[in-house]
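Got a structure for you, questions after.
Just so it is clear, A, B, C, D and E label the chains in written order, and each chain counts residues from 1 on its own.
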Amino acid sequence: MTPVTQAPLVSLEGVAKHFGTYTAVQKMDLQIHEGEFLALMGSSGCGKTTTLRMLAGLEAPSEGVIRLDGKPINDLPSWSRDTPMVWQSLALFPFLTVIENVEFALKMRGLGRTERRRRAEQWLDRMQIAEFAGRNISQLSGGQRQRVALARSLVIEPRILLLDEPLSALDAALKVRMQSVLKTLQRETGITFVYVTHSQSEAFSMADRVVIMSRGKIEQIGTPQDIYRAPRTRFVADFLGSSNIFPGQLTRDGQGRPVLATSSGDFALPAGNAPGIAGQAASLTVLDTRMQIHPQPPQGARNSVAARMIGEEFVGATATIHFETDNGQELRVQKSHEDLADLSLAIGKPFYLSWSPADGHLVQE
Amino acid sequence: MTPVTQAPLVSLEGVAKHFGTYTAVQKMDLQIHEGEFLALMGSSGCGKTTTLRMLAGLEAPSEGVIRLDGKPINDLPSWSRDTPMVWQSLALFPFLTVIENVEFALKMRGLGRTERRRRAEQWLDRMQIAEFAGRNISQLSGGQRQRVALARSLVIEPRILLLDEPLSALDAALKVRMQSVLKTLQRETGITFVYVTHSQSEAFSMADRVVIMSRGKIEQIGTPQDIYRAPRTRFVADFLGSSNIFPGQLTRDGQGRPVLATSSGDFALPAGNAPGIAGQAASLTVLDTRMQIHPQPPQGARNSVAARMIGEEFVGATATIHFETDNGQELRVQKSHEDLADLSLAIGKPFYLSWSPADGHLVQE
Amino acid sequence: APTELTMLAWYGHAEPDIVAEFEAAHNVKFVPKYYTGGDNMLGLISQSPPGTFDVILSDAEYVQQLNAAGYIEALDPADYPFDEFFPEFHKFPGHWDGDTLYSVITRFGFLGVAYNTDALTEAEASTYDVFWDPRLTGKVGHFDWHLPNLGQISLLNGNPHPYDIDEAAWEAVKEKTLSLRPQVGGFFDYGGTFSSLDNGQMLAFAGIGDWITGTLERNGAKVRSVIPEQGGLQFTESFSIGKGSAKADLAKAWIQYITSAKGQAKSAQMAAYPCIVPNQKGWEVLGAENPAEARRQGMVPGAGSAIDMIRTGRIQYRQLPVQQSLEDWNDFWSEYKGA
Amino acid sequence: MRRRLSLYGLTFSLPLLIWQLLFFVFPLVFLIALSFWTVRNFRMQPDFDMVNWTTMYGRAVFWQAYATTLTLAAGAAVLTSILAFPVAYAIAFKLSPRVQRWAIMLMVIPFFTSYLVRVYSWQVFLSDAGIINVMLGWIGLGPYGLLNTPGATLLGFVTLALPLVVLLQLFSLIFIDRTLIEAAHNMRCGRLRTVFAVVIPSARVGLVIAALFAFILSFGDFVSPIYLGGGDPTTLSILITDTTKSGQQWPRAAVIALTMIATLMIVAYLAVRFAYRGRK
Amino acid sequence: MNRENEANRNPLINGALLAYVLLAYLFVFAPIVASFVFSFNSDRFPSIPLGDFSTEWYRAVAADPLVWQGLRNTLLVGVGVGVISTALGFGAAYTDHRYNFLGKQVYLALALLPPTIPVVIMGLAMLAFLSRVNLSGDAGAVIIAHVVICAPFAMAVIRLRLSQMDPSLEPAAWNLGASEWAAMRHVVIPFCRPAILGALFVTMAVSFDEFAIAWFVSGLNETLPVKVLGFLQGQVSPRINAVGTFVFIVSMTLLILAQLLLGRTAAPRKE
């Protein structure tokens, strides 16, 4: 367990969740601090939603304790907690108007009609959707619905807000807009946000801390910068997807310098990144922007591999070129069009890819 | 009409399609040449599929003439044309086996059992799916199904193949793979491909010529390079999405130099791109990679605008920063993380964006 | 293959116990359509092409209607054994139009008070007033047809000809009937009458007689019928030949068979429901075959026999209302049910 | 795809159209014509006379039966809906998919047993000496008069409609977005309250349609009123048969039938409008 | 995910609900099971305590030539109704699936409305009309009338299947050289085959069980359910139960066959 000075708002202690024989979340320890924006990331099925649902009281943990303010809340039913959630589908009530949706939680808390209306209107104002108060949900655009869902959850002014991929249904332009709405809202209200997402872009743009999960386990927790620069495991590097990964074994070359022996050859390692025990399995990751393409084998102290081009992705100012080595490993290089102009790329043509040892990063298997 | 030396394989002459009062395709002129890979691009609902379906004989044109080898084919029903199509959903027959699917078109053409089987097996071989011949479609993976769909259409050895977003249902890695399969196939067989897609990446990576459509009209036809470098209209620039666009009016500044007067200020124009009549409406486009971000107003001959940051998209090695000017125009700048490190970006903070007049490109409104 | 002969009848008339012998003798196969009420029967005939039904069994009231509507053929009286019939049935009202015969009577029965022998004694049941007995509240059932029920009330009101009554008497009948309504537990069709008497749901029944209780008694139920002091009603079943029948000769042969002494004895003991027969010779054959049943049904000549009851005026024929229209009676019946 | 009908298309669409015109629409139209015919000498005659309409509508019995039938059918619709809801709810939300499939299978079975047979069975249960009273007798109660009561008629209607209502409700409940229920819990809406605040509003269309079907089935049924209700009180379907007992008064029966059809159409229209109120 | 999450589950409430469900099923099945039991009971008017075990009602039924004739009629009608309604229903479902035309709403109403009209009214109207055109009184009339109410069921079943069909499947066939007729034969019908069989069985089962309309129009050629109605109206006898049990078993067999056929092809499509 990471030592923390301030008492955490929420803590998960050895929390696990089994569905029948399947383990969706494995013994998980996590502290969530008051006022932070925490993102939970990971590939589909890794247990993000399950974790969030346990916080909301929609699933009961199979093992471990969840504490809010130090008090265990495992057995508190969903309707006795103030842990509002924003669903991917939004889960707005289609049979209620916008303002009735926002009032819902207050009504359940027994607030009077006028007080309810006043507070709901205040939040509609704040989310800039006051003019739609009387409309049906079906008459709103995607972005407007999103705001209603936020207002509906925030109207009770909770200390924590749970969000499950709230932006995934929106189009690209709206996504960016809503990111800034969310981030501003979180800063201004000081409410703790626990934000589940698939999207690296969303997590890294908004979160103070990011939790990367895989198969029900936490792989790495840290700030976006830390994780991008120094993925702790091969899974994380793979998941971020911007790196080429060479699995291999640590060993030493003829001059006794540490190298990684891979199926594509032996590669020199970055200086500060000294290896542990020789013979240990490890992987070398290289960002795809850091690789060079050569028609001929490159000279000098660079690591290099031979590979045939298999495809090209054209994205705005840059292109990602896909290669395959003789033993079937796929590699990618991202370059601007200018840099590629003089290479006369063609599918099936052989090339050499190289990188400076300093651009490599060694990760655990 | 573009003058062509060689007689086109297919030509559309003033072809239009109305659905009731709605016009899906407006008077369209287009020549498709033997052996080329032509991509039709455009946003959803612009009439790409409708155009393709008219070629396949699944919709009758409301106006104009479609010619194949110079002969009008407007009234030829779909089943009397050899214009096979690959569908987005693939539309494989679920109640037939793989080889029966491939044989289907031959059976409809009255070929005998053994000849049918021989030719189908040949194509299964060629598409490397011979081993699945006896399977049900439901037992195949996405990529394998794609190959069956291609084999089913190609088995009649047509002169033209129509493809409607064939890759859109595949995952990213498979997409790149299948792009290379398609491109190789087209080169080897010399069959004319008409390829409908949403994706700029697919169109620009594979096609010899790209047609960009908007609201049933052709906006621009050209090679991928031409279109990326010199979008002809504001729509095209917008659609490619990698540019910031400033609409305005052509005029002259104090020194008599041509400038574009926009709501964000007057901007100097690129040298070779001399304006037409003063007072004419036009737009200036600037690639998002060509813009700089400054904390203070920049000095020198650069065009610049003030804008507040509203969000950030984090994509691998680069980030796209979103800004908004005082009059509500959104702008985007794409930079590597290194370039951004010393700017201390924060949502809501004011910045200045600048570009060299040479990086601007003037387009029709 | 045997010739098919179609018969439209109440349930039971074309069952093997009745027709097997005739079928064998004439190489005939009966195809019956059973109905559950005269109107139901009329509806069926009117909606079917002429000639659909060769033989039609109907209640006497409906013979008039069948004839008026032209659904049945005229018959030759010489073809049938009227000389063996009791004289009362030689020229049965409604079966003749002037001198033309349209239908031959084959069976009849008496309607009185049907009662549960556990609940009432025969003496108690021997008056229609028993229906008003407080012990029977909610336990009086009606066979759901206006003619027999209203006829019985008319008898109770002292009308000598229960169906030939003037307006004042008709009003009195209506008033008397309505006063019975709180006692009534339900209005039943044929099958409903059977089961509600049998399972004790109804303890007394108006509008029926031995044709139902006799069947139930045979099956061990504790029910009986009695002709009360105010007199009883007689229902009559008759055979006609359907208009346009292509097998009129066979149909005629059947009617001859079933009205012959032998056929009559058979008919009197029909498994579905027993009845009295009009053929004097038939009584004799029955008396020889099954003296107990002959006695039970009163088909033994002498005082108290069925024919004696008719002759002493204890029994009146059930018929269509004379001074009022059929509609008046039916409409009132509907009102009564809805009251 | 060509959307206009061609010879090919007509080959598929016309047969049903022709069949339903000939054997569904024409009979109903004929029924309208019939209601203006007159009856003389126990024979129907083509005519154009309002007399059947004025006679039927002028009779108190008709309106009584109308009110009775409407009340019974509406009662059956409400009763069946209320009885069915917890069943549909439990099947939809409390059972595993495997058990759920079984539950649905079992609910389908009654459709394939003769309704007549089931009604006859109920007689044996309900009569004074029937199964229920015998069992009550064992604990010293009764006997109660259960058969030949409006209650027994209702029981018959419930027997007729319950399986269908359960299934229709079930299908609307199963398709409720589960996250709506969770969202309600998440906002402090307790279990029972969620049923009324979220589940019922979400499934409204299905619930109303289910009730409508119960109404339609009960409104036209003649088996239960006769065999369980003892023909008392008179319902419209009984009145139809009674009417013919004035000697072939089918035209008047047609008036009743047409009134029933009109009523059903109005009720269906109102129900559908209510179901979709405020929806797009 | 069908099950509610366990965090908010209360065993007491769930127990009560499940008990209620069992009661409801008891209610639904009581008359069915009872009729089955009574059919083996010697008493003519069954009550508690039960009489002796007896197969006399089955023997009575089996010995009744009218029952056999009724069965023949029922089967004849059932097969006729099944085939015709399935054919008509298929046509209508295909029309709805493929075409748009003025008055389609009316067309669909005509195709789907008949089962909502009370059967007494339908029977009355049918008889009145069919007799005018000399069609009443035989098995043909029952088929005509039953097709009117069964075709909508067939249409619903097949329409459901068609809606699962990729809309580009048929155009794909044309595009590969199949004329409309060939596409129908080689694509649409093979795709719908399970639903067509299902519709066949469902419509047969509905016809098997219908008595009210059949009573009016069948004339002399009564079907088995009409016989049952006759037994109930005319001479209450446990033969009702025997025939009922028999009809039930036949209908259930058809239904289960339909289920198996529909289920078998639905499963592999889910991948």
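Just so we're on the same page, a contact is a pair of C-beta atoms (placed from the backbone, for glycine too) under 8 Å apart; a residue touches a chain by one contact, two chains touch by 3 or more.
For clarity, every value in this text was computed on a predicted model and none was experimentally measured.
K.L.:
Moving only from a chain to one it touches, give the least number of moves from chain B to chain C.
P.N.:
Graph distance in the chain contact network comes out at 2.
K.L.:
Spell out the chains that contact chain B while also contacting chain D.
P.N.:
A, E
K.L.:
Counting C-beta pairs in contact, which chain pair has more, D-E or C-D?
P.N.:
Counting C-beta pairs in contact, D-E comes out ahead.
K.L.:
Hey, how far is the Cα centre of chain A from the one of chain C, in Å?
P.N.:
90
K.L.:
So, what's the distance in Å between the C-alpha centres of chain D and chain C?
P.N.:
Whole-Å distance between the two chain centres: 37.
K.L.:
Return the distance between the CA-based centres of chain C and chain E, expressed in whole Å.
P.N.:
Inter-chain centre distance comes to 40 Å.
K.L.:
Centroid of chain A to centroid of chain D, CA atoms only: how many Å?
P.N.:
Averaging C-alpha atoms per chain gives centres 55 Å apart.
K.L.:
Could you list the positions in chain B whose residues touch two or more of the other chains?
P.N.:
58
K.L.:
If I count partner chains per residue in chain C, which residues reach a count of at least 2?
P.N.:
Counting only residues that touch two or more other chains, chain C contributes 43, 46, 189, 195, 199.
K.L.:
Could you list the positions in chain E whose residues touch two or more of the other chains?
P.N.:
5, 8, 47, 128, 171, 180, 232, 236 - these are the residues of chain E that touch more than one other chain.
K.L.:
Which residues of chain E touch chain D once you look at their complex with the stated criterion?
P.N.:
1-5, 8, 10, 13-14, 17-18, 20-21, 24-25, 27-32, 34-35, 38, 46-48, 87-92, 94-95, 98-101, 107, 110-111, 113-114, 116-122, 124-126, 128-130, 132, 144-145, 147-148, 151, 155, 167, 170-171, 180-181, 205, 209, 211-212, 225, 228-229, 232, 236, 240-241, 244, 247-248, 251-252, 255, 259
K.L.:
Per the contact definition, I'd like the list of chain E residues that touch chain B in the complex.
P.N.:
Residue list for chain E touching chain B: 166, 168-169, 171-180, 182-183, 186-187, 190-191, 193, 268-269, 271.
K.L.:
Going by the contact rule at the top, pick out the chain B residues touching chain A in the complex.
P.N.:
173, 176-177, 179-180, 183-184, 200-201, 204-205, 224, 228, 240-242, 287-289, 310-318, 322, 330, 334, 336-337, 347-348
K.L.:
Chain E touches which residues of chain D in the complex?
P.N.:
Residues of chain D touching chain E: 1, 3-6, 8-9, 11-17, 19-21, 23-28, 30-31, 34, 83-84, 86-87, 89-91, 93-97, 100, 103, 105-122, 124-125, 127, 129-131, 134-135, 159, 162-163, 166, 174, 178, 181-182, 185, 191, 216, 219-222, 227, 237, 240, 250, 253-254, 257, 260-261, 264, 268.
K.L.:
For chain E, which residues count as touching chain C in their complex?
P.N.:
44-45, 47, 66, 127-128, 131, 134, 136-137, 219-220, 222, 230-236
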